[in-house]
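Structures follow.
In the two complexes that follow, chain A is the common piece, with chain B as its partner first and chain C second.
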Partner chain A sequence: MKIKLTTVVVLILLVLASLVYIFPIYWTLVTALKTSLEIFTYPPIFFPTKIDLGNFYQPGNVFGAVSQTAIGSVPWMINSTIVAIFATLISTFLIAAPASYALVRYIKSVWLARLILFMTMIPEAVFMVPFFLIVIKLNILNTWWALIITYISFTAPFATWLLMGFFNDIPKSVEEAAQIDGLSPYQIFYRISLPLIMPGVVAAIILNFISCWNELLYALILTYSPFPSGAQTVPVFLTSFIIVEKSFAWGGLAAAGVFTMLPTIILGIIAQKYLARGLTLGAVKG
Partner chain B sequence: MNRTLKVGLVFVLPILVYFLIFFIYPIISLFQNAFTNNAGTFTLANFQFMLRDRVLQISLTNTAYYYIGSLLIEYSLGFIVAVILYNYTGKLTTVFRTIIILPLMVSPVVIGLMWLLLFNQTYGPIDYFLKLLGLPAINWLGNPGWAMPALIIANGWEYSPFVFLIIYAGLQMVPPQLYEAASIDGLNRFQTFRYITLPSIRGPMIIAFLLNSIGILKGFDLVYVLTNGGPGYATYILSFYEYVVGFTYFQTHYAAALAILYLVIVGVFVFAMLKLTGAEKYLGVERIKE
Partner chain C sequence: MSEVVLENVTKKFGKLTVLDGVNLKINAREFFVLLGPSGSGKTTLLRLIAGLEEITSGSIYIGGRKVNDLPPKERNIAMVFQNYALYPHMTVYDNIALPLKIKNYGEEKIKEKIKTIAETLHIEDILQKKPSQISGGQQQRVALARALVRDPAVFLLDEPLSNLDAKLRVEARAFLKSLQKEVGITTVFVTHDQSEAMALATTIAVLNKGVIKQVGDPYELYTKPMDIFTAGFIGSPAMNMIPGKLIKEGSSWKFLSDDFSLDLSGIKFDNETETILGIRPEHIVIANDQGLNAKIKNVEPMGAVTYLEIKVGNTELTAQYTGLVKLEAGMDVKIRFVEDKMLFYDKKTEKLINY
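On to the complex of A and B.
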């Protein structure tokens, strides 16, 4: 009987915790699905009776002001996607994969490892002035390259650190066998070792894609217009939308918020298995 | 040249170039800017100004407040939820785990938007619940005394799942034999937790503390979206102040000096934490020597 009681208490506590974590997301979703009449009402409506998708594609006309639309975020989404894909792929395959392999197998420098670790911990704001000055000097302000290059500053050390753990897990005998078969060190790397850690590579790509997609500070200072004329990303779109229309266009804002969080939630759930390992820089393998 | 070394250098070359562009150059650039004025002549004025900059003092105090408040909420909540889920034996473990870590996948800008809707004084659900409980409604984002707690609550929601994830993963790695031994020795639930579980998850606890601390100190987005530093200077934290100086007032040289201060604070913190807690061992820095 005593055991049953604890089981029930644990279940109740878990349901409460889940409610705490899901409610803000739920609230954003229902706000996006409500009409403005249902949004601006007291007491608040927790379960809307009918679903209205207008907030996603219609310009709102709330309190006499015409607002932006959620579907209007598409040009920003194009930029976000391109920048995130390029920054992630370049840092993973050109920098992180060879560097992590070298650190584990060839150059066993603890200091280089420490430096990489420290790079993952430097706040973005620290280097915003130098990065802004470089971008101005290279004349790439408001282009994809401005963001791709600066995003590599945080995606590369993260991927390197994560992949080091995966390379470390490969038994040395596998590579020794390949060596006996006459493969060069470079062939061993990209024909044997790299394919063996594909799950790690995919995890690094997905987690880095999420951080690029969500990045605000660099996009805020380095871009000023949407696709096709500029490279502004979704977080900047949403931020300016919030600042200008936060007192009235709640339906459209919430819909834009749903659009913005959907891709990363889907990717996050796909990569869930590697989330603990990735977010703890490999310290916890959960 | 030794063949192994040559191969190693080829592989490591890209990241050396990376350090040149993303570490050495920015550091030089920061010092160059921080120790000069607009005319380009050497000056210590930026650092002298720091000492009498009232807004900087407010920002530093706020950063400490934000850090301690967020860490307390995130660490305790994340830890407790992890222990609760660990004690759950039903079939819904994966469902609960997925729900609890959802905030980690949501963009901080969207989280700012969510909490703008939730904290709204007139139509928001939080004040509605407060009134249901017979408590006075709070002007969360407009009142200088409540803006920081509001920010800490939103940040706590965002990052407590991070602590949860680490601690929960750590708990699952505790060998079951230890619990069998404990029950043979007649330890009760509390004693088992105190003498078996806690020592076994020392590593994950330290990692959670270190990485959560760094995550909080990096914070910028939530402040920018939710309060924009306001009301007044009530939620100015160091990263936000540096941004305002650099990109609202365009005082690049002073912003560079602030960035150096920021880097030193984070650097000293990281160094002290690594030394005091031995976190490097858990992060696996030493494993490459094997």
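On to the complex of A and C.
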């Protein structure tokens, strides 16, 4: 079998590129499994000699200056899960799906569509102060709603923008057939068009869930205690490992990082499948 | 069963006039074909009847009821789209059931109706499959089933055969014709394929640039096309068109072209004019002794017929000979036109002037 030189070069480049993404994940995982001694060894150890689960769970542990292991993240995890699920579902089904459908089929305004795309590009920090004031006025500081409302500000425009592309791909004749079959515009939307773009909806949900899950800035300023007393999320919990009394709890941070990464990695893999399927959505025979 | 009447129907998209004062009467139970090249407005006309487009001026009546302002679902029509427009996320059964569910038919009634229609269309064994899992021909039958299951008053079809391959198309054509006869629904069928129109229609309306050129049964359209467009559009290979002049000599008339002249013994005209002579390929006869001198340029034996490309002077003509014939390119022959099949069109108005 002859292998072309270009194929080999491309393959090597791809492997190098993927290493850039995979190595940090690997490094986090190994660090989490190392003992504190091996973490600080120089030159660094790439393959730990023995697996230590102490960073994940240790009754009455002490690591550096932080008396925390990854298992301690559970109260924050609960908050993260609830906030991410609500923010994502509300923005996808109550806002983005109807809005994008209306934009594609009825309003057809290019400027409005561009404005929505623009909304997804504004840095979070811009809204930091206004959101803080709004949350104070609404008296919802340190609650799930404070985060859900602020997260919708970026999940809704993103999902709207994403779903517009999917709605655009639905052949008009399918909706016209439904119209002739006697469906009202509302029935056409939820019985025909929305089910047809399910791959897109799932992709939007997963991508938005991941960005809610990873969100740090708003959570940092709008919440101050973990579940059950407050709504602090996992990214904030992770910061507690970084500088506490001038010490870095690398092992605990890495272990908690692995914990937090899991849902996003799993969802990322699923999202990829749905995105690919969404792009090849075969509504009618060509 | 309803008739469809169009009165002075005009449709404009912005400044573009797509249909201009169309008058048509489609009788109940008729298989009516709208025939025209792309851009002739035939699909727009169908969509106006369906209610998918708004009419600019004029009126449409279905079964005696004015439907101008009624939405599609209140017009009691069914439509089959060129790409079938099946609902890809539903099974074949659910595709057919949807219009019935919307009308609030009971579960039992729906089952019964689908069973009957599935038997008629031979799709009983694919009811649980998704549209992407069945063939193009089957998808087309499902689209027909979905349309017919509601017992519509008018059945609209927008080039439903054009996505099928050639062999399947001929099969589907025959099936469609017998199906229409069986269910007896007023049918309006849009196509750009004149042979499809000829094969299916009880009545054909020829459209060009938003105007109805001629309405008639296939026989009439073929033997007596009233203008040059219809004459050229119907029939394959196309009718030969020879420009020339009509001249009176004594009491008889003569056709004079650049390359030849013909004495017309049996045809009379009102006055001398510039004309275009139309003659179908099968009405050009290879004569043994007397006739016009011609040279054979090309021979296409098809089996049942043979097409001959011949040249009289600089005029190129297509002739059709029934059966196989021993002729070769380069041979000199004599040809004759069948006189009572010759059609003369006024060069300016493009209208038929004999008959």
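Note that the second predicted complex is superposed on the first by the 240 of 286 C-alpha atoms of A that agree within 3 Å, B and C clash if a C-alpha of one lies under 4 Å from a C-alpha of the other, contacts with A are read in each partner's own complex, and residues count from 1 in each chain.
Just so we're on the same page, a residue touches a chain if its C-beta (ideal position, glycine included) is under 8 Å from a C-beta of that chain, and two chains touch if they have at least 3 such contacts.
Remember, predicted model here, so these are calculated numbers, not experimental data.
> May I ask you to decide whether A:Pro43 touches chain B, chain C, both, or neither, giving the answer as first, second, both or neither?
First partner only.
> Count the residues of chain A touched by chain B and by chain C, then name the partner with the higher count.
B
> I'd like to know which partner A:Ile95 touches here: chain B for first, chain C for second, both or neither.
first
> Figure out whether A:Leu196 sits in contact with chain B (first) or chain C (second), or with both, or with neither.
second
> Go through the superposed model and pick first if A:Ile51 touches only chain B, second if only chain C, both, or neither.
It touches nothing on chain B or chain C.
> For A:Leu216 in the superposed arrangement: first (chain B), second (chain C), both or neither?
In the superposition, A:Leu216 contacts chain B only.
> Given the touch rule stated above, what does A:Ala113 touch, chain B (first), chain C (second), both, or neither?
Once the two structures are laid over each other on A, A:Ala113 reaches chain B alone.
> Show which residues of chain A both chain B and chain C reach, each in its own complex.
Residues common to the chain A contacts of chain C and of chain B are 281-286, listed in rising order.
> Help me check something: in the complex, which residues belonging to chain A touch chain C?
Residues 171, 173-174, 176-183, 187, 191-192, 195-196, 198, 281-286.
> Enumerate the contact residues on chain C facing chain A in the complex.
Chain C residues touching chain A: 50-52, 71-73, 77-79, 81-89, 98-99, 102-103, 131-132, 136, 139, 146, 150, 163.
> Going by the contact rule at the top, pick out the chain B residues touching chain A in the complex.
Checking each residue of chain B against chain A gives 4-5, 7-15, 18-19, 22-23, 25-26, 29-30, 33, 81, 84-85, 87-90, 96, 98-118, 122-125, 128, 157, 161-162, 165-166, 168-170, 172-173, 203-204, 207-208, 211, 214, 217-218, 220-221, 224-225, 228, 238-239, 242-243, 246-247, 252, 255-256, 259, 262-263, 266-267, 270, 280, 282-289.
> Residues of chain A touching chain B in their complex?
Going by the criterion above, the answer is residues 6-7, 10-11, 13-14, 17-18, 20-22, 24-25, 27-28, 31, 39-44, 46, 94-96, 98-99, 101-110, 112-119, 121-134, 152-153, 156, 160, 164-165, 168, 185-186, 189, 210, 213-214, 216-217, 220-221, 234-235, 238-239, 242-243, 246, 250, 253-254, 257, 260-261, 264-265, 267-269, 272, 275-276, 279-286.
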